[in-house]
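You will see chain A twice below: alongside chain B first, and alongside chain C after that.
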Partner chain A sequence: MNVVRLIARDELRLMARNRVAVIASVLMVLLTLVAVASSWAHQRGIADLRERHQHAAEEAFDGQPDRHPHRMVHYGTFIFRPLSALAAFDPGVDTFTGNSMFLEGHRQNTANFGDVNQSSLLVRFGQLTPAFVLQAVAPLLLIFLGYGAVARETERGTLRVLMMQGASRTQIVGGKLLALGTVALLLALPAIVGLVALAGQPGASALPMAVIVFGYTAWLLLWVLAIVLVSTLVRRSRDALLALIAIWAVMVVLLPRVAPSLAEAAVPLRNRLQTDVAIARDLRKLGDAHNPEDPTFARFKASVLERYGVTRVEDLPVNYKGLLAVEGERITSNLFNRYGSESYDAQGRQNAIAGAIGMISPAIALRSLSMAAAGTDFAAHRGFLEQAEAYRYSLVQRLNQLEADGVSYADDTAKDSGADRRKRVSADHWEAMPDFTYKAPTGATLAGRALPGLAIVLGWLAAAAALLALATRRLGERR
Partner chain B sequence: MTLWMHELRLLMRQRLAATALALLAALTIAALVAGMAEVARQRAAIAAIPAAQNEDIGAIAAWVDKEKDAGSAAYYSFHPTWDAPSPLAFAALGMRDVSPYILRVRALGLEAQIYDGDTFNPEMALPGRFDFAFVLVFLAPLFVIALCHDLNSSEREAGRWRTLAALPNGGAALWRRRVLLRLALLWSVICMPFAVAAALSGAGFAAILTILLLVAGYLLFWVVLCALVERLGWSSTANAATTAALWLMLVLILPTLGHVAINRAIAIDQGAEIALAQRETVNRAWDIPREDTMKAFYARHPQWADSSPLTSAFHYKWYFAFHQVGDESVAGKVRVYRQGLEARDRAAHGLGWLLPSVGVQSVLTGMARTDLSAQLAYRDRIRDYHRQLREFYYGYMFRDRPFGKADFKRAPMFDAKT
Partner chain C sequence: MIEPALPILIEDVFLAYGDHPVLNALSLNVAAGTVTALLGGNGAGKSTTLSTLLGFVRADAGRVAICGIDPGSQPEAARRNIAYLPENVALYEHLTAVENARYLLALSGDTQDRAAITDAFAAAGLQERAWDQRLGAFSKGMRQKVAIAVALLREVPVLLLDEPTSGLDPRATADFNALVLAVRERGTAVLMVTHDLLSAADIADRICFLEAGRIVEDVTADGPDRFDVRALHARFAVSAERLAA
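Right after this comes the complex of A and B.
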């Protein structure tokens, strides 16, 4: 049997004899199982609830009686954000974004009833998910298992004995790496099995899952390398332990919290009040719908009359009020989109700053890789919001067009007692309106978004390996 | 006294201890600065409300003044409400980053407005805030562990323990001195910057004192935990590993398990149901006789019942009446929803008695008025204000009084204090 395997086997035997280590590992596996089970049940529950609500909302919309189309514009519709298939592994921002959104004319509403607004202060302690276990808990457990790997031998003088028996430095460090690496993979196994179990979910595709498995494996191996590296560099195992815990606390706990503070200070977001006021201001500049003499709307009216070759709106073959509604919605929606993009871009810049800080903390990089591949990051959420807005726009414009084509101008402007009845169009139209269907990003897109994070984690892995190679060469030298 | 000075000199000669204390002081100060900067941003956003609001209302007033219809004024005017940060908010930002602290409402149905959020970046909110509460709850225990895990074991490992125990003022007295010294140093590097920041932010003396005691109590808990582990007589390394593992359980794992358990035990599904049901009632008003709506409205609000009857023409008082009837139709659901939220909050605070990490966080966010109950209290103030807005506009609509430019200034203002 070769020396590396021998040393690895010895190290593993020592760990197995350490009762605390065994108990801790068993606890970690149990914790992973609890996390997988609870996260899965939680996501299932949310998905069912949202589906039920979505169904109820669609049925309510289709079941509306004969109405004036503009009433339906205000009746609007609710959409519920569907969960990505891998959200049970890493729910990402799902907890922090609203679950339901009310879509109506003239207004862009926020997504409401997010979990974070409905939870106690405990929500800010983090969430028990398989991703959290692998990101935060597993490295710390590896530290407890491996800090002494080389430092112990140095401290007790057994390193010299090993070397005198003919083991080379590389073989010794290689053996320790092999042992700890094996443990790391064993610890990650339950979470990975849990992830693969999700593969049966509709919409789960292989590519992002492969990226997740690859990324987390790289992450744990990075810790294995870092632990053995520190253990090689210091002479006392306690120093190795304290140094590693400090590194872990800075990387996994501290920097991920500091990064957003810096990013938010660098790129401020415009709040909703200021956005709404600004949109109202721009609308006034574009034209005042309340003013019949307004030049913008006068121009619009002239162009419509010219297009149909008539001189009065009453002579138009279509309902002018409907055309006006279409035009008004077009103008407001353009503004919504402009301000929306501005806000999304600002948030994207904040995320990019946090991502840059990820260069010095691979934990941030791993988190973003994991969320991106799971389809639960900001980019995926933005995709949902943009699709929701596109759907809102098309629905409202269909209804406005229905007003133009289905209600006569004379009826629409009439104020007699029977006018309300004549303004209504048949309820059949509501069912003909298409329902919102969310188009989830493809597996390739998700995997592509995860690449920057993956590159950083792999870069760290390479750097740690290089440093360890250097440190190994000097192992056992008197300092 | 000289013994204490000697201990201090000994401690400062350890590179680990000196670095740890300096690092903790730096982190505390950074967290305080970050917290104060965030609170300053929020105050600036609140201070910017009147200018934006005046511009917005001014434009509406200009054209409403032509027809003087109170209904149009009420329909188009958004009124700002805000939840100013408390003097201690900088220490524990709590939920203030994810729940709105500025919300504009109209006199229309409130249930369709009150759950709206403000713009925030979910990816930035996800890891949690870097504030004083975080440094205290999450990081401070690690520093206690670094400084206190080997008070006896290191002396035993160095072979000095028996000698020290035999000295006058040695043994237990020496250990007490060392523990107290470390506790006092850790406490002061956390509390001195905090006290300065709190005084600058205008926090009350009693509140500052309470938090200083809270910090002492929390640090003491971790010191006692280290001492208990040390009594097992293991090596310094085993002590460090054990206390760090306890930290992992108490600060990271058990609170997240508690979160899962609480949200499981107390299900809250009513949020979306409120929104869906309110919309149904509001929109159904267009399909039932208008008199039915008015009858239902007057039954609950007899003070307006003597208003002139509706004609065939559109009147805003009917519009606002069916919005209010819509709100009232979901009052039961709203109550259940709120009770659910309160139950979750209570359960979390209850867990604080078992888990010191949760306890400290809950006391801090409670004192800083940044927790769920502060959010609910803000919602109550919005409800009160919304009631005033309705009464104000109804006074014009139901009495058919004209609503001119000057009347916009008579609208009730949100009172942030009450």
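Right after this comes the complex of A and C.
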């Protein structure tokens, strides 16, 4: 057996004979299995609930009686975003953003019912998910198992004993890396098996799953390198433990929580009330479709009359009120889209700032890659909102067009006792309206979004390896 | 015919830590099958001499060789020829005596079965009931016996000892000295750094006094009494006083 493997085997034997280390490792494995099982059950429950509600919402819309189309515009419908296959591994921003929306005319609503709004405050601290266990708990356990790997040998004088047997510095450090790396992979194994099992669901893609496995493996190896590096640099095990706990607290706990606050301070977002007030103000400026004297809609009316070659709306072959609704929705939707775009841009700038902070905290980069590959990051959420808006606009305009084509202007403006019935269109139309179908990002798209985070983690890995190589050259030197 | 390389060769070696010279034109050779004791006061350069031979520090000038190999440039190769017992023998407390021996021998490329290891333990005077005990409760003497047993099994040509008898009771010191002599009989070159003049006079073939990084006195055992211990003691005291001053 070569020297590196001999040293690694002895390090593993030391861990195996340490009762605390064995108990902690077993607890870690159990924690991971519980996280996998509870996340799967939680997400499965949510997915079933959403599917049922989506079905119920579609049935309710389709089951409406004969009605005026504009009544259906205001009746609206609920849509639900199906969970990504890997959401049980890393729920990402879904916990906060919610995945259901009420779609109606004249308004763009936001997503609702995130877990955070419906659960205890503990959810905000961090759910027990496989991703959380690997991001936060596994590095802590590796620190407790490995902080003394080299420092202990220096402190007790056995480093020279190893060297006296002909073991080189590189072989000694290599043996320690091999031992701790083996433990890291064993600790990650239940989560990886869980991930593969979770991803066995329909819609799962191998590529993002491979990125997640690769990313988390790199993350744990980064910690293995960092632990052995610190252990190599200091002369006492206790110093190594204190330094590593401090690094963990800053990198894993502090910076990931400070980064969003810094981003928010740098790029403040309007709150809901401010946005509503601003939109209402701009809507007033756009004009009032119900006011015949309004210049915007007066121009629209003139252009319609000119297009059809008539002088009165009553002579139009289509219902002018329907055309007016189509135009009104187009104008207000443009306004909503402008506000939405500004908000997305600001959130994009916030994410860029948080991503830049990720350069100094690989934990942020890892979370970013994990959420991106799992399809639970902001980009995936934005994709859902954009698809929802596209569907809302299409549905509302179909209903508005139905008013224009299916209800005569005379009936639509009549106020006699039978007018209400004449304004109605057949209920068959509601069923003919297409249902919302969420198009999930492809595996290649998800993997592509995860690449920046992966690159940062790999960069940190390379930097830690280079530093360890330098520290190894001075190992055991008189200081 | 090519002369076999000297097990320990130190020739005109200079070494300084910053502006402070530690070894100053030091020359010392140790032949196979001999025991040389290196005595000197604190700060005389004894530990640095050992560190230089072990390849942990490099000489600024001069020549150092273990069996013809420069430990400064080829530390791993040189160390394969050395067994080293520091003042406080460091071994692995989570391993038993047998496991320690097996691990250290495996690292140096030797594979010995249990019988060979326990034979070496018996030769080193380690009691049988201690063979399969973890080292946590071992005394210094017991640890030294484990380390000496490993050195015996490795059959290396050079044994370096750093204050081996400090902290040992007279009985343990006598046992240890007997072991060193047994190692010498096998043809091993032994260099012992010590403050223990009596022990050195008992087993050394040669006693060298180190002062300010150079050998100032080199006495070889002669006749049935071997050394004039009284004269050596006086010489050692003068040297120590000079260093302290």
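Structural remarks
The rule is simple: the second predicted complex is superposed on the first by the 477 of 479 C-alpha atoms of A that agree within 3 Å, B and C clash if a C-alpha of one lies under 4 Å from a C-alpha of the other, contacts with A are read in each partner's own complex, and residues count from 1 in each chain.
As a convention for this text, a contact is a pair of C-beta atoms (placed from the backbone, for glycine too) under 8 Å apart; a residue touches a chain by one contact, two chains touch by 3 or more.
Predicted, not measured: the structure shown is a model, and the values here were computed from it.
Chain B and chain C, once both complexes are superposed via chain A, fit side by side.
Applying the stated contact rule after C-alpha superposition, one finds that A:Asp435 touches neither chain B nor chain C. In the superposed model, A:Leu140 lies in contact with chain B only, and not with chain C. In the superposed model, A:Asp377 makes contact with chain B only, not with chain C. In the superposition on chain A, A:Leu14 contacts chain C only, with no contact to chain B. When the two structures are aligned on the shared chain, A:Met163 is found in touch with chain C, with no touch to chain B. In the overlay built on the shared chain, the residue A:Pro260 is in contact with chain B alone; chain C does not reach it. Residue by residue along chain A, chain B and chain C are tallied for touches, and B comes out ahead.
Shared-chain residue A:Glu386: touches no atom of chain B or chain C. By the document's definition of touching, of the two partners only chain C reaches A:Gly476; chain B does not. Looking at the shared chain after the overlay, A:Asp411 reaches neither chain B nor chain C.
Our summary of the superposed model lists a minimum C-alpha distance of 14 Å between chain B and chain C. In the superposition on chain A, none of the residues of chain A is touched both by chain B in one structure and by chain C in the other.
Across the complex, chain A meets chain B through its residues 20, 24, 31, 34, 38, 42, 49, 53, 56-57, 60, 64-65, 67, 71, 74-76, 78, 80, 92-93, 95-100, 102, 109-128, 132, 136-137, 140, 144, 147-148, 237-238, 241-242, 245-246, 249, 253-254, 256-261, 263-265, 268-277, 280-281, 284, 288, 290-291, 343, 347, 350-351, 354, 367-368, 371, 377-378, 381, 415-417.
For chain C in complex with chain A, the residues that touch the partner chain are 51, 54, 56-57, 75-77, 79-80, 82-84, 86, 88, 90-92, 94-95, 103-104, 106-109.
Across the complex, chain B meets chain A through its residues 16, 27, 30, 34, 37-38, 41, 45, 48-49, 52-53, 55-56, 59, 63, 78, 80, 94-95, 98-100, 102, 104, 112, 115-130, 134, 138-139, 142, 146, 150, 236-238, 240-242, 244-245, 248, 251-253, 255-260, 262-264, 268-269, 271-273, 275-276, 279-280, 283, 286-287, 312-314, 340-341, 344-345, 347-349, 351, 357-358, 361-362, 365, 371-372, 375. Contacts from chain A toward chain C in the complex involve residues 1, 3, 6-7, 10, 13-14, 17-18, 156-158, 160-168, 476-478.
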